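The first chain written gets the first letter, and so on, giving A, B, C and D; residue counts start at 1 in each chain.
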């Protein structure tokens, strides 16, 4: 599955990357990301996740062809 | 002294007129106006008076060459 | 504080905050950007096509211009001080104002948006209640009415005391 | 209610409420007059030349455009319903935004002014807190910082619960 990150998250991860491991939920994805980059823990904790442009919660079941966006806190305007 | 009236007051008085009687205060002027047009009583009671572009109270002492404006309630904007 | 004086009046008008010509909303807005202001709020009061259930043809505004312009200037100065505004501009039109046209425009600019919104409401409320400007409604049935008067005196018992929206 | 959809986006943009081009404040405002609206309120959020005591060179905005545009549209629709607005328009810019330029514009129009002011604040507050748009501050000393983030979660304990100015 594909992961896209935005804004300040790009200082911790590539803008867009593939997750090859078997990951079934957002919670599991979060664990994989923390494993990749433990320094991002605080920030990741503040982020929301979206799949196919809709916000989802930690229990959301992922499909291998999903595109997951990690959305840091907004700071518009 | 000269009296100027505005807006809805023009339906009760001439736009501008002279008061020839000896009138010493705004209170006395008010009495003269009510005498001229008793129907205006309610409206006059809601109005403010200004002399030479400054609001004044009922006790304000008038001079013969003053220009008095009678200011009905605002309805700007 | 003289920010409120910065906006140049149209050459044809002798009063800074009162205009007998259509209000130039675009140039007023263009003059309201400020490098220290992160928020600009504009209010435009426009003629509606209906009032109290009746069809409105147009409005006509009358003002005691000399007093009105000075009073609006004083209100702007107070707002600039109170909210530390970078910019405060207001102009009210006199004469016939067609549906969709602006009768009054207020623009405020401040570092953060709270102040610009609050000051804007404060300024328009005070203009509408206190400043000697009057509206006459001309209806499509040919009748007219001096209308929408400030009725605060009925509540406050004093022609100089008003009930403002920004206080509620 | 589809009033919020009426404003035509620039031909170059594929998202109704997100623009990579400078916001056309004049044409947006020109499209916001309505015969049934006596009050038009415009908010423009602009780049300030300072932030937290540091000199700002410019800001750069990033958005997840597809989500952001849809969310702004939904917020506008909610505001139109809640306050019975005649018009509700909002556009947020992405990319570099210079000092004094608009990063976001919100326009509301309603019969009376209370609703236009309240709805306008509601819309901008929700956009700033909820919509996936991010600001990066570039300072004159050459440094940059992803800044001004919504910190509501520290108070509410939930990334989806915010503390809005219009509620205080």
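By our rule, contacts are C-beta pairs under 8 Å (C-beta built on N, C-alpha and C of every residue); 3 or more make two chains touch, one makes a residue touch a chain.
Keep in mind the model is a prediction, meaning the values are calculated, not measured.
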item	value
Separation of chain B from chain D, taking each centre as the mean of its C-alpha atoms, in whole Å	50
CA centroid of chain B to CA centroid of chain C, Å	25
Distance from the mean Cα position of chain B to that of chain A, given in whole angstrom	74
Where chain C touches two or more other chains at once, by residue number	45, 124
Category of the chain touch graph - line, ring, star, complete, other	line
Which pairs of chains touch, using the document's own definition	A-D, B-C, C-D
Residues on chain A engaged by chain D in the complex (per definition of touch)	6-8, 11, 46-48, 50, 53, 55, 69, 71-77
Interface residues, chain D side, partner chain C - complex	25-26, 29, 33-50, 99-100, 111, 113-114, 116-117, 120-121, 124, 165
Contact set on chain D toward chain A in their complex	45, 61-64, 66-67, 70, 92, 103-104, 124, 127-136, 146-151, 153, 159-160
